[in-house]
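Each of the next two complexes has subunit A plus one more chain, namely subunit B in the first and subunit C in the second.
Presenting the complex of A and B:
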């Protein structure tokens, strides 16, 4: 009787998770296996052409033949734009420490304002950035010129502008848009640190700066680590800025490479190989996080 | 402590505070400035935006650009399409995920730990790696350039949401379900009658986050929706851009941007704690 009930519960339990796993199979497992196969047979969708199984696509992917902006370049671009991550962590930590001080007013207001870019649509924001950084009419050039910082208009986002300016704008935009999230995490972390630690340090006569370095920073390492991993995974998948803000050979990211070769040019083999490389990188980072997070997180 | 030292340390304290407020003030102004610029540009004429040097304030502010946002940018169609997506995204996805989470957290599901790990592994695979084969699936059943590829996946829930609900349900005592079982409540009734009401805060938070995420989504819609009639709000914002790459219509684009941002702004102001809490929880629990 009891085991019959149990069997029934099991059947129901399996039924309840079934949609999740059916979706997982259709939208994740099968597409991923197909992508791996495409990369091995160099599938060209337009001609319906496939080649014998080999790693040739991967080899030419890294040698960079066939394409104007190579995969290696796309990786470098992606990594350079990810420079916003350490900037965000440092600035975010500093701001968080400032607004969580005792008797500090306006901390919540500040936190709410700085998280705004994460909530309003990225397309609208990207478009206004494009307007602000326009070469001839953009407010940024006008202000810089009036302040005497620059003499000639800078072509921030154009193809002819070399690599520094478009990348700098993308990094700046990522700092601008990402710092609010870092602050929310750090503030929550700082408020979680027991006040007794700081009281003890006060009694020992440690300065505020000293307390920040010796208590706050180490206590926040799990959050720093978590955010680092999450933003690396997110940063590797950056795409929109390349397509909408600055589409130059210095800013084309890995996902843009996949999109361009796959969706625009029907080179499914090529695009799939790049996507498998990307997926492998993300998987490795996730596993590292999983393994390390046990060690890093302080026992509560 | 002598008075002189007290005063000196007091004035040092005030000085430090002033510096901190200046630094934070600059950061806040920098954050808000693009929004202000967006609003200002939306009240200008196309000519004003392209005249050099551009004036900061519109000479004769008017709502022409906002009217044009509906006429030329097709914003109305975009809002309609996005709202259709929202209906499915905020009902089916949370429900299916919660049902799965109920099974993971409260029922005799065999191999539950392993199954949950397998499900979570889907989050490790970037969308870009699945994009092309998924595109072919939708192509083969002729759903490209319809809302189908964006609606149908919500019938299968989301791994992230499921995980979130599992965590939340673990805090709900099992006794409640056992008592219901003794009363002869079926599993479906336990789910709707006990489970869902108990996880209401988590459910609300996920619905709010999903609503905002769906409204702002760009990448996936941009792949599937190409026709003027099927585009979402975010894609309609770009429809003038792609036709001609000049700034003449930028006032209309900015008006559309303002209109598309306002609903999110309100949701953010009123549901602020959901954003903060869900982010903070994910960070602290790792």
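Presenting the complex of A and C:
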């Protein structure tokens, strides 16, 4: 009787988790396997061409003539644009600490205002930023010129003024757009830190800055860890900004490279190889983050 | 730890399984892509069912649905199912269907024609036309969509076949605002002689003439009238400038890059001059070119047939002009680009006769064509109709009310340098106005153009014109690498490096 019951329980349990696993297999495992195969045989869909199995595509990804404007550049661009992640965390933490102070007025107002970008359509935001940073009629150039900071208009979103400007605008936009989400979680985390910790620190004569460094920051490390994981995975997969805001060689990301090769040029082998490299990088970085988390993430 | 080898084994096993069964791979097309004329003949006793895949805004989908409905009314034994797709996803969806279930008839942008036809994905329609039908087509359009798969040569040649018909033909040329020109003449800012040069649609302006008029317009509207948003022209089309100086991106067959040729460099230097030396073209604008033209913030702008209803609705008083050419170069002629979308039949269709019948209906049916140009949507795909002075080129037919008076400039561009438009209008003299299909039509991959355009932004930003040649020479290796990769995808390997 007992074993029958167990088997029935097991069957029910499998029934509940089966949809998830089936979906995972169909939409993640199989495409990943197919991508690996495509990359190994340098598959070209339009021509129906398959080469003998080799790592040639992976090698040419890094050694081909087009590396300067290809995969290597895409990796550099992606990593530079991801600089918004530490800035976001740092500013988010500071803002959160500020607006949760007892004597700070308007905390709710600032939380709402700072969270607004997170609930606004990403395409709409990007288009507004495109107008703001337009070279001849954008408000940014107009203001900077009126203030005497610049003499000539800057082509922020084109590469004609150098690669720094479009990348800087993308970083700025990502900070502005992402800080709301960071603040919401940090504020929730700060409000959950028991007040007794701060009272004890007060009694010991710790300053507010010391309390922030020694209590608030460590207690928020689980949230910081969550943000890091999510932001790095999202950052490595960035795509839309390149398409909409600043489509230059200085801002084309890894995913754009994959799209360009796979969709525009039917080079499924190249696109798949880049995808496999990206997926592997994401996995390795995430595993390292989890391994290192033992050393710095607070756990009760 | 035992779980990891098990997981890897499952992946490895699945991979071997997928690889061995050939799932997720498209089949290479081999053999002849030509079928006999008998196979293109419709059997009135047979029922046909075909799929037509296209993209477009809701209006266009509705228009084509109505057109397909009327086709089915005329061919009761043919059922057509339309599969509309979003234009941004269209090519990826179409490519995804290569593994088997291809639509019978589908849109194919001209810049995708060469890789698709070379890969053997398209059915030759050469034997599906009568001599009379061929005669009605634009020879240039036949040339665009002809290909020799043996020699990999684009255009009509010995052994070439016809693979597509144009769904539309879009010559992209310049126009000017007639009211602004009249105002300039009235106020003594432009001579009558210059205004007459602009009005002469049979001869293109030289770069020098165009620059002079632009500078005058910039001075008058931009400086004297204080319109800080005014520019003589919102931007300059790169290909139209390059080709109008007898330069090109690459040699014939798109094997070797030619972006360091004297003519190419000279063209880029002239474009740089328009921005920096004369200040008549902005480096970037906050508005679209069309909005600038509608707001009278520019004298010249770019235009194609599909914009006709919009300008008619706005009651814009505009006139077409052929693109300017370099008068200093004796070999240069006014040459702009022509956008076109092809209608192609899948090589794997089982209903070639029905697919061809629908293709002809959508591309060259006279009633449909007349309906389209009456609404100002398309210029006729049929040469015989486009050059007919009783229909499209008529001076008093109400069906052409939406079109600019000198719409024959469009025809003149499309006929290449063949002189057929002049002949139809009873004009004499050599044909100095022509057009070519967009530059990525000539290659197997498109990335080179995107990359070059990005590099051009760098070059336009140089503060010293004398550095342009060096920048182009620096970029030449990259350009060549793109071309080599494009050609290698079709099995063309350069002999010497």
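Throughout what follows, the second predicted complex is superposed on the first by the 257 of 300 C-alpha atoms of A that agree within 3 Å, B and C clash if a C-alpha of one lies under 4 Å from a C-alpha of the other, contacts with A are read in each partner's own complex, and residues count from 1 in each chain.
Throughout what follows, a contact is a pair of C-beta atoms (placed from the backbone, for glycine too) under 8 Å apart; a residue touches a chain by one contact, two chains touch by 3 or more.
Predicted model only: the values in this text are computed from it and were never measured.
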item	value
Clash or fit, subunit B versus subunit C on superposed subunit A	clash
Partner chain in contact with A:34 - subunit B first, subunit C second, else both or neither	both
First, second, both or neither for A:44, with subunit B first and subunit C second	second
Partner chain in contact with A:135 - subunit B first, subunit C second, else both or neither	second
Which of subunit B and subunit C A:90 touches, first, second, both or neither	neither
Touching partner for A:188 - first (subunit B), second (subunit C), both, neither	first
Partner chain in contact with A:143 - subunit B first, subunit C second, else both or neither	neither
Which partner, subunit B or subunit C, touches more subunit A residues	B
Which of subunit B and subunit C A:288 touches, first, second, both or neither	neither
Which superposed partner A:14 touches (first subunit B, second subunit C, both, neither)	first
Subunit B versus subunit C as contact partner of A:263, first or second or both or neither	both
Of the stretches 25-33, 115-123, 187-195 or 241-249 belonging to subunit B, the one that collides with subunit C	241-249
Overlapping contact positions on subunit A, where the subunit C interface meets the subunit B interface	30, 34, 38, 45, 131, 134, 136-137, 263
Touching residues (chain side subunit C, partner subunit A) in the complex	11, 14-15, 18-19, 24-29, 91-92, 95, 98, 115-116, 119, 121, 229, 282-287, 445-447, 450-451, 454-455, 457-458, 460-461, 477-478, 481-482, 484-485, 489-490
Residue ranges of subunit A touching subunit C (in the complex, touch as defined)	29-30, 33-34, 36-38, 41, 43-50, 64-66, 68-69, 131, 134-138, 155, 158-161, 247-249, 260-261, 263-267
Footprint of subunit B on subunit A - complex, ascending	6, 9-10, 12-14, 16-17, 19-24, 26-28, 30-32, 34-35, 38, 45, 95, 98-99, 106, 110-125, 127-129, 131-132, 134, 136-137, 139, 142, 176, 179-181, 184-185, 187-189, 192, 222-223, 225-227, 233, 236-237, 239-240, 243-244, 254-255, 258-259, 262-263, 268, 271-272, 275-276, 278-279, 282-283, 286, 293, 296-297
Residue ranges of subunit B in contact with subunit A within the complex	20-21, 23-24, 27-28, 30-32, 34-35, 37-38, 41, 49-54, 56, 96-97, 99-100, 102-104, 107-110, 115, 118-119, 122-137, 153, 155-157, 159, 162, 187, 191, 212, 215-216, 218-219, 222-223, 233-235, 237-238, 241, 247, 250, 253-254, 256-258, 260-261, 264-265, 267-268, 272, 275-276, 279-280, 282-284, 286
